[in-house]
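In what follows, chain A forms one complex with chain B and a second complex with chain C.
After this line comes the complex of A and B, so read on.
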């Protein structure tokens, strides 16, 4: 039992590692489902750093997802840039944008912050739609080549699956390390009482902006991974509705826990795979399931699981 | 058409969309003040108002009855949601409440999809008649209905919150729930009324604009986001501010589409919102 509670995380890693050959049955569709899960885990975890740990509500996370996807898409499809460099340039642009907007926007609180980030998301999307010559406009951008690494093209879905999940694990581990570092503790202090934190000499605008840059860089990576997997991107995938969906994943899973958003993202991406058979009823059923989870699990899925584990441990 | 008629034409379309934004912003503000939450399901009331009015008139109901029935349906849905879903989780965090309204909006959108399918619908104008011409700019009769009904509704809201004891009680709850409850005002009832008002006004906005716009089950998103903007520019909690911001937004949008660029009109509008939020976080019309 002690070993299990210390090394439980090996189990999901084993599952992810053997999935394509067991449950996934070598089918591109089934590994695709988990590729999406991985990409959304990156988005959810990076947003959790911002909302869950630092208390900065953002309804604009998909904007950085879009910046990553479009930078990768445009540079690789139109200018033949190496995907690796394109991804790095996307991260640079995202962090630069976050740095430029961070100070004024993050000075806002709660709803005002939510509205400002929502506006930022819409600005990015309307620019993408408006600059057709460059981005393909509303009809989307196609012909994005598959990812390449060290001259090895990841055309095969299983290769890309492992590539995505390796990055996912690095980002989860990185986020956990950030949260446990002194930087993370500073963020939590800002979350619980910003004026008090400032009295202790914490330059909170600076910390918030840095966190915003980090979280945007992660979202940008997710965007690049998405663009190379899909081969085609359209502005609809990155609108306010997507940002809202990522936020739902956080609260559904349990905010401020890193593990919660992972569960939330998995749940939200697997759910449509199960309910799509209800066709027109899908949307209603998804809504009702969400409502039920929110009413009966105020601490999210992670909270319930934690509670169950504790109960089992006490009995043992 | 000469330049003057263009300018007047943009004025008309700005006032038309402005009326809709003002109504939605007001409905958001009323719910916000009572429950301290921004309701992401407001766009769905807009859709329900429009689509149920279209269905009722196609079943042969006269326009006025269909109009009030459509609004009434949404009032019932709104009250039911407040009682069954919002009340039990009232104490939880702001984020939880927002996500709850998102879940509700998904469920309502799903319901609309089942009832009305994926087609777009449009209503016949309230009254038949050729458009009027003012200085060469055409003015549809429906626009007069929209503006007239909006002004009437805003007057009713003003009267309700300023002159009736129920309205004043609701304002007291918004200002200070604890103090109001010590004065014997039921905060729960006030929240219920606010949701009923909010849902009703949202549906009304949909019902008046139904003859001008094709509406389907997903049409609620953009009006709702514009309502958010108007609400934020107006200072989040101010009914008068959000009405002014709604009309202003409509006009800015119409003139940027007409005179600058139709492609980047939304970019400009959202950039304005960010500037207002950053430089005047208490709203464009606040004194401080």
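After this line comes the complex of A and C, so read on.
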């Protein structure tokens, strides 16, 4: 039991590692589902840093997802830039944007902050649609080549699957390291009571902006991974609806836990794969399940699982 | 006077108005290094407003505040904190999100020593852990010092009000302040607790930390204060030693008198 509680995280890693050879078989579709899960885990976890730990409600997270996707898409499809560089440039642009907007935007509170981030998302989408010659406009951007690493093209979906998941694990590990450190404690102080936190020498605008930069860089990576996997991207993938979806994954899984958004993203991406057989009722069933979880499980899926584990442990 | 090195804090002609309410009107006073100075006055006299003006929470409309001869009025609270000032709050303000523990709260006081960065958290975990462990040891010692030994893993919300105040005190001490502002720290303590609290304050002063304390409990004030300032309706009514203040007719009428009438000794 002790071993299990210390090394439980090896189990999901083993599962991810053997999935393409077992459950997933050799089907591009089945590994594709898990590639999406991975990409959305990055988005939901990075949003958890911002909302769950620092208390900064953003409804514009997909804007940085878009910046990553379009930077990678445009640079590789039109200018033949190496995908690795394109991804790094996307991260740089996203962090720079977060740095430039962080202070004024994060100085706002609650609804105002939510509205400002939502507007930011809309501005990015409007720019993408407007700069048609560059971005392909509303009809989308195609011909994005597969990812390449050290001269090795990841055309094979299984290779790409492993590449994505390695990045996912690094981002989860990085996020956990941040929230469990004294940096994370600083975020919690800002979340709890920002004016009081400042009395302990915490320059809160600076800390909020730094975290915003990290969160945006992660979302940008997710965007790059998405663009190279799809080969085609359109503004619809990155609108406010997409931001709201990421938020739903986060709240569904349980905010302020890192593990919660992982479960939430997995759940939200797998659920349609199960309910698609109900065809016309698919959306309805998804909606009902969502409402049930959100209403009856305020601490999300992660909260339920923790409770169950504690109950079992007490009996043992 | 403000140029004198005897004073760690010098407040000069401070004015603060809230939508027509003159919360502070031309108030000036100093706090001598190593002293315990008490700030007293009836309810609504402007005591908390004065502490807020000094700590930067709500900066004064005009006037100056000098900490060690450096002008701090208008600086943000974090800048002022880095210059060696710390405070507690009349209505306790502890950090509670994400199950933050008593120890977490005290460790936050070490923020300026830890000065954490994302880069360090991700790539220099060993170094960060070492700094953190040093801080942890200091935090546990401080919890013991204020009388909260063994409570480090508790959630702040589960502590009694008196103990939450002691926790705030430990958190402030963790910043290694030169000047400590306390806003009614003894309210919510019973008589026995008040006695040990008095000893605690004297021990803090003996560590070389100067204290400016707002306190309603006159027993505490008379026992510990080197010096007292009295506010009434935002104005300075009197200033002097405990003996002088207790003999001051104006003070007795304005403050001590009303205190008896309203039975407002402590909440």
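Structure notes:
The definition used in the following text is that the second predicted complex is superposed on the first by the 316 of 316 C-alpha atoms of A that agree within 3 Å, B and C clash if a C-alpha of one lies under 4 Å from a C-alpha of the other, contacts with A are read in each partner's own complex, and residues count from 1 in each chain.
We take it that a residue touches a chain if its C-beta (ideal position, glycine included) is under 8 Å from a C-beta of that chain, and two chains touch if they have at least 3 such contacts.
All figures in this text were calculated on a predicted structure; none of them were measured in a lab.
For chain A, the partner that touches more of its residues is B, with chain B and chain C as the two candidates.
When the two complexes are overlaid on their common chain A, residue A:201 makes contact with chain C while staying clear of chain B. By the touch criterion defined above, A:258 reaches neither chain B nor chain C. Contacts of A:141 after superposition on the shared chain: neither chain B nor chain C is touched. In the superposition on chain A, contact of A:183 is made with chain C only, not with chain B. In the overlay built on the shared chain, the residue A:34 is in contact with neither chain B nor chain C.
Of the two partner chains placed by superposition, A:234 touches none, neither chain B nor chain C. For chain B in complex with chain A, the residues that touch the partner chain are 38, 40, 85, 88-89, 92, 94-96, 98-100, 102-111, 113-114, 117, 221, 225, 228-229, 232, 236, 261, 263-264, 266-267, 270-271, 273-274, 277-278, 281. On the chain C side of its complex with chain A, the touching residues are 55-57, 76-78, 81-82, 86-87, 89, 93-98, 100, 104, 107-112, 114, 116-118, 120-122, 125, 128, 131-132, 135, 171, 175.
On the chain A side of its complex with chain B, the touching residues are 51, 57, 104-105, 107-108, 110-112, 114-116, 118-120, 122-123, 126-127, 129-130, 240-241, 244, 247-248, 250-252, 255, 280-288, 290-291, 294-295, 298. Chain A meets chain C in the complex at residues 52-53, 55, 174, 177-178, 181-186, 188-189, 191-193, 195-204, 210-211, 214, 256.
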